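First chain written, first letter: the chains are A, B, C, D and E, and each begins at residue 1.
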Amino acid sequence: DPNKEVIPGVKRGDTIIVEDPTGAITNPDSFNIWTCWAGGNGGWSHGLQQLGLDTLWLIDPDSGLPHKGEKDNTWHNSLAADRPAYNKDFTVMTVKLKKGLYWSDNVEFTAADVKYTVETLAQNPTALFGPQFKTDVKSMTTPDKYTIVFNLSAPNSRFHRNFTVRWNACWIMPKHRFEKDLKSATDLMTYNFNPPLSLGPYTLKDYDKNGRWYMWERRADWAKTSINDFGKPVPTYVMYQLDLPNDKKVIAQTNHDLDMIHEVTPEGIISLAKNKWETNWFQGFPFGHPDPTLIAILPNNARAPFDNKDVRWALALSLDITKVALASYKGAVTLSPLHYPPTGTSKKYYFDPMQGFLKDLSIDTGTNKAYKPYDTTIAAKIGDMVRPQFGDAVPKDATRLAAMLGQGWWKYDPKAASDLLIKAGMTKKGDQWYKKNGEQFKITLFNWGTGNPTLQRLGTMVAELWTAFGIETTALSAQDNGTRYGLGDFDVNMGWNIESWGGNPDISFFADSMHSRFYTPVGEVHNGRNQVRYKSAELDNILDKVNVSDFNDVGKSAALGLEFLKLTAKDMPTIPLMSYNVMSSQDNTYWTGYPNFDKPYANPVTNWANSRYIFTQLKQMLPPTK
Amino acid sequence: MINAFTGLWKTSGYFRFGIVAVVFAVVMVVLSFFSPYKPMESYAVAADAPPSLENWFGTTSRGQDLFWQMTFALRNSLAFGIITALLSRIIAIFVGMYSGYKGGWFDKVLMSVNDSFVIMPVLPILLLLNFLLRDQMNWFYMSLMMALLGWAWDARLIRSQVLSLKERVFSETAVFCGMPTRKIIFREHMPYVLPVLFSTTINNLLWSIGMEVTLSILGLTNLNNPTIGVVIFWANQHQAMISGSWWWVAAPVIVTVFVFTGFYLLSVSINEFIDPRTRLRMKGGAA
Amino acid sequence: MSETIELLSVQNAKKSFRLGGILSNKEIIAVNEVSFSLFADKPDILSIIGESGSGKSTLSRLILRLLLPDSGSIKLEGTDVHAMKGRKQELDYMRRVQPIFQNPFETFNPLNRVDEFLMATATNYFPGEKPAQAKERVEKALQAVGLSLAEVGERYPHELSGGQLQRASVARAIIPNPKILVADEPVSMVDASLRMSIVNLFQELKNTMGTSIIYITHDLATAYYISDRIAIIHKGYFVEQGDTEAILSKPKHPYTKLLVESTLDPRPGATSLADGEVSTGDEEYLAVGCKFAARCPRAMDICRKVQPAETIVGNWKVRCHLYGENNAS
Amino acid sequence: MSDLILQTKGLRASYITHLYGIDREVKVVDGVDLSIKKNEFFGIAGESGCGKTTLLKLIAGFCKPPLQVQAGSVEFLGLKEPMSLFEATEAELYKIRWRNISYIMQGSMNVLNPVRKIFKSFEDFAYPHMQELTPAGFKQRVIEHLGNLRLSKDVLETYPHELSGGMRQRVTIGLATLCSPEIIIADEPTTALDVVVQRETLGLIKRIQKELANTIILVTHDLAVHANVSDRIAIMYAGTIVEEGKTTDIFDRPAHPYTQHLIRSLPRLGDKEKKGYLKGAPPNLADPPPGCRFHPRCPLAVDRCRVEVPKLELKKSGTMAACFLAE
Amino acid sequence: MTFKHVFNKNFGKYLLGRVGQTIMVIIIGITITFIIPRLAPTNPVELKIQQMMVSGANIHPEAIKAFREAMNDIYGLKGTLFEQYVNFWSRLSRGDLGPSIFSFPRPATDIIMKAMPWTIGLLLSTSVISWIFGNLLGGLAGYQSNRRWTKWAELAANSIRPIPYYIFAFILLILFCFVWPLFPTMGAYDPGMDEEWMNPVFLLSVLHHTFLPALSLVLTGLGAWLLGMRALVSNIISEDYVQYAEVAGVKKKTILYQYVMRNAMLPQITGLGMSLGGIFSGALITEYVYGIPGMGQLSYRAIVGFDYSLIMGVSIFSIVGVSVAVLIVDLLYPIFDPRVRLN
């Protein structure tokens, strides 16, 4: 019923209801996105970063939309008028800003806002980006209202990263408002920024004091924001719903009370997909959208025996990836043998070019000097396994299947894995493996928590497979896994380590943190980087080259990326598994036009900033009667 | 004993139901030792099959046969519950009976300790302890913890019974017979406390297994070891309730309800049987 | 008197209770200034008579160590009974003083067999002995009360008649050969014919075994029938004590007179039934002066103000202003 | 016959229990014929456990499992038509309860609800039968009645445990007499009382009976009580009436050996004569002896007593007795 | 019952002793909950940092260092356990539990106070309702134990009891929000309303939203009371005063309520007292399933996040709540049962 009121004065037919997967927000009154604790409290993606704030550039993780002033759909000059421009030695970055953009209180956005943001943050050591700006920015000048020049303290070809959003970046503060509310820059840490001032197409209309929903209303002057490059956002209202248990999401969407589900379990999607009015990224199997993030098995490279490449390879070859795929995503996976998510434009830049290398790649298993571990039949195998359930939705054509499920992965070869372990000095007694020192080889696997069923299932399956192989593995979903992971007190962690820009092949976004600069010995608390404690001179070398290459030189970026991928494929510091497939679901009753595999103009996940573009592409189905 | 059994069997429907449930539980537990599959082994059978002659309770999305998985789950949950119930019973009996009988400062001290346990918020403490013990956590430790948290209220109940028994003349007779305290407590008072003990045991069993299920649903137990809670946990992780695999939820729920309703009815009928008044009447006395 | 050895001596025993819980601070003295003795060389049946709530049970519980007196002393062969601590001393005490309770049906645990209590008594007081010897002791005690192990053995309390039970209870009490039996209303719950059988038994015990008996009752007729000495207790005070025959035939205290009058004569129409004010319970306890004054037909002013002291009148003790020093009529 | 108010004929009843396959039948009332007259103080005596309470329950028409009537009837003759209590419906019984027949249960110390004030008990028990009164009128009535029982009206606002045993007993008597019923059935109303209170209470009951000119059926094992209040008494032994007659007759010339024994064993002030007692235990009612139920303990028993059940017959002494030997 | 003597000497002494005991028990309880979380190898600050990493914030190592130091300061995580303990009590005496870590900088007390009305509203009402109905049904089942419906009621209550609560709650949700959509699926009141507890429209909305959670709590809670009452009643119906009332033809209803149940009430009242105290720790699963912002979720999140201040806050409420409830019930005993004496 489009005339039903969602909240007083807001009709259902004018509102798109969207899930924010963050979980209940514990500090619902705070819209201060710049403090550290905001990160843990999650008060970001309830519309604030999608609809309310803006920064210089956005990268779309998918193919993006055509828009004014750019030929690359994935790159959006948002507040900036052009791409970042560096001087020769990358010590100065100059940014031209767009004209005619206004805050929601009708104050114009200018270079002063950007300068103020950087300066304020630099004075707060516990602010996000604060320490970066303090160390990296020597000074700033604003030659005119629409230009800002960053003088950097050291050569840095990727400084613009701080203002480039794929998932998150430094958002710009409204100087006039902050100056009024903050007595000193350090007040920022307890400032609530409530109600938030918007630089995006929507303003906050109302929100739940318990942090369960946020209602945004389209600005009358939405054209004075950067969204104008794409067109008018269609829904008058956007409502974000938080903290819904999986089963409830399905019920709510079935009742047409929730238009966009960020994700549910594969089973949830399968039951939702039975409805005519429902769409997914893939219409039918494999449903989900592959995130530009990579799920991987993360062994502790600083702890024996995981410091041994052969052991890491053995762990990979003892996994029957088809079972992992089935247990987690019911087969709806996009596998990756590379240290890169198999999503966005990566097929073009990396996965196709790497096939030859992978097919030729050989390792020494001790008994076989040139063992070829790559297996291109995996997609077909998974296809055969799931076809009985999903029928024609699972294509028979090998290339199409590979595009869906991934071009290949490592062989399931317990024999080769055993050889590798023997090569590493281990022995098998009975059906259990024993380390060189005679101890039984046991692994405690830090698994995902209950909050993410699909991935928890994945970790459990990995543990089961290793146990079956003779390495007793306990999957542990303990609360302090993270802390122990941070301390280096772990065997193997399941998690994300690598995320890409999605639309852009540059690897600096994630790979930087694997630089040995950030290496911390076991027992010492890490500082948020290089948690797998990997150290490689070759890798450092590649990363140093990235740092002095032009970001806009995509060819160069991709070449360096390929070097990185070859190195990590051989050395296997982590065991990449697959992209994080987000089982999102959309209800077409009130709105249609959501992105999908055939129209991949945006990532359909609801919590990313780029999801703002979706609203410009929707079509209203049931407008309320006036 | 045998007479009592046949008598109960003939006259009490509750008892018959209870025995059937217990036999069912025992058979399940015994069968678990002969299971053709490892308890959590994935893809051992076809996934997502509804109940059929082949898979009595159906199969899970992970290709596990639910019938066989339930044999393990019931075994583990019962072992857990029974150990918890027994341990907490032992504490409750000692504290309740001695505290009630001895009285004085002994009683005061014990009851203060008892009250401290009574007021403890159980779930938070369990959660905390769970985090504390993390990978060392297994069902045995957990039943120890539950036992520690689950005796206090029952000890109070037992104590109040003993307090009134102490006032009865035969207790004084027992004193003047020269009986030592231990004997008075266990020989003279125990038969009266038995019914309370029995029903609190069943309650405690239910409570502890319920707690285990709650913790499991939150994913805080060892999820690689099947219990009733763990089976439900994995069903939830596969959204079985709304994805059509109803049997995945139904199997543990029906088995639990059946077994525990059986236990309860059994306890009701046996309790009536061991009630002093009933026993008196059976021996031919007017109660 | 000084020549004789005091077996039990109760001196100025006093025990008070709070009434009505938190909401009142009334206090009643259930046993007050009570003194009497039993003598080792002269076994005695001492009847303690009083109406309901007069403090009889409290007194017996004081003697049995089940209650601690507020003041005064209760000595058994010279030692204060309440100073006896520890299992050994307690057993030692109980070996000499044993109780017989009011209601035979409640004396034994209905769920356990009667002979268990008997055997437990034998084994606990004679720990070194073999089961056979204990059995013999039990048998002997049962014979003494006119029962046998064959009759009570392996039976539950409800399988025995009230009379049998009360006898078994007496048998149990005499197993350790106590010097004193404290019997608190031992026959009030049994009917007339059983009553006489128990009472006869007491007499026999005194005569054959030399056991002293404190016989607590409100039944003047049986007290008259068996006891040598009698003490009349009213609201905690012994108002009259001395020779049974003498006191009951010529009571001095008005309260004793009332008791004697109230005793029903089992001859049709022999007793005149009163229908006066109903006697109160605890209120009398709170009275100042003589507690009986309110009901006393001969009450004087002084009675309502001063508690009379115990005086010796003739050859027994009376606590009444009619006979006090200031009014020695 | 018009002066009769209540009559039982061949009353036979048992406690029948089925417990877990064990069936037990206790024959507590076995062939009792009683004819109770208007305005009569009728006593029933007998040792404990002989079935007195059970008989009273039957007379009061209160018969619920495990108690079962096997034969005979109880008829209330106070109405225009004789009314058989066992055949009457629940509603008919309800009508005569408390209005016509009231009952003072054994153990009156515990028959009052411990958490209910006395006045509430009066309301519960009697008010439904006195609907003609307004609530205020009813209260007035109760207060007057209590005055009659020598109880102050403060009693109404107390809880049972705040009263002494004697007062509680009076309250229960008050409860049973408020509606002035034709029959009051009293089961051991004075047993737990001490001598002083007992005398007062008996005096009260006697006075009430005179004032109301009604029938009281009083049960107690204490013959001394009967001696002082009852006009007629019946002696019960093991579920049967063994002797019945005028009180004076029974005390002066008991015909049945059991009665003789009872009378002889009564202690008296000023009487130190040695009293005998009956050997043996009362019979097990679940398995009563054949013939005369008293024969195992009877000093005079002959062979006939062991096989044949004696009938209750008028004897020379002027009482009815069930004994072959009495003349 | 007259209260004119309430403040006599004996009562004062009793009260003092009883209150003293309660305070001691509270202190022991709080101490235990203080110590347990601090025995864990992790602490809230590290957890917080992990959370930030996972949420994908791009945080410079310098920032993490500075953050760690700042937070340790705020949380009083410096010094030995004993120093922290002393510090804790001195802060508590000022009514200050410190800021909550996951809602920094909101004070823990603030957050608890916000969640409290929900929990109290939902749990208090359902506890009382299930207590009343459970006792009524139990009373009837015990008093008329051979009626067929009482047997069914008993059986139903018993079969609901072992159903894992999460499942039960969801079955209700599916039935009444989906199959037969009578109730809303989300939230504790209609969106857009303000939490004005005095506003009838708001209250109505709350009722509409909390009906199902309340129903689920009532249905699962009922069984235990029913069974308890039934057992008590079957003891009491053989008491003399009940028998006598039956002989006298006292109305069945009066007998049931005033004679039977009234006398069986005492232990049930204690039980109610206990469970009322227990409501302060909330009903986690209900709140989770039905999305109610109460103490259960709060305490769960507090524990999961090792949010010391909140854990302590929630525990203190719960411990004090139960103890005080028990104390009050103890003190009120003489009102429920005139026979009880306090000494």
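Keep this in mind: contacts are C-beta pairs under 8 Å (C-beta built on N, C-alpha and C of every residue); 3 or more make two chains touch, one makes a residue touch a chain.
None of these values were measured; they are calculated from a predicted model.
Common neighbours of chain A and chain B under the contact definition above: E.
Here A-E and B-D were compared by C-beta pairs in contact; the pair with more is A-E. Inter-chain spacing, taken between the CA centroids of chain B and chain E, is 23 Å.
Our note on geometry: chain A versus chain C, Cα centroid distance of 91 Å, whole angstroms. Work out the mean CA point of chain D and of chain E, and you get 54 Å between them.
Separation between the centroids of chain C and chain D, computed from CA atoms only, is 31 Å. Multi-chain contact residues of chain D, defined as those touching 2 or more other chains: 162. In chain B, 131, 218, 236, 241-242, 284, 286 are the positions where the chain touches two or more neighbouring chains simultaneously.
Multi-chain contact residues, meaning those touching two or more other chains, occur in chain A at positions 247, 251, 479-480. Across the interface of their complex, chain D is touched by residues 20, 50-53, 160-164, 188, 190-197, 199-200, 218-222, 224-225, 248-249, 258-271, 273-282 of chain C.
By the touch criterion given at the top, residues 40-43, 47-48, 61-62, 131, 134-135, 218-219, 223-224, 233, 236-245 of chain B touch chain A in their complex. Across the interface of their complex, chain B is touched by residues 246-247, 250-251, 264-265, 267-268, 270-271, 323, 326-327, 330, 389, 444, 449-450, 453, 456-457, 460-461, 463-464, 474-480 of chain A. Interface of chain E with chain A (complex): residues 40-43, 46-68, 70, 100, 102-106, 111, 114, 170, 173-174, 177-178, 181, 185-188, 190-192, 194-195, 288-289, 291, 293, 297, 301, 304, 306. Residues of chain C that touch chain B in their complex: 64, 66, 87, 91, 94, 98-99, 101-103, 106-112, 117, 120-121, 124-125, 156-159, 169, 172-173, 176.
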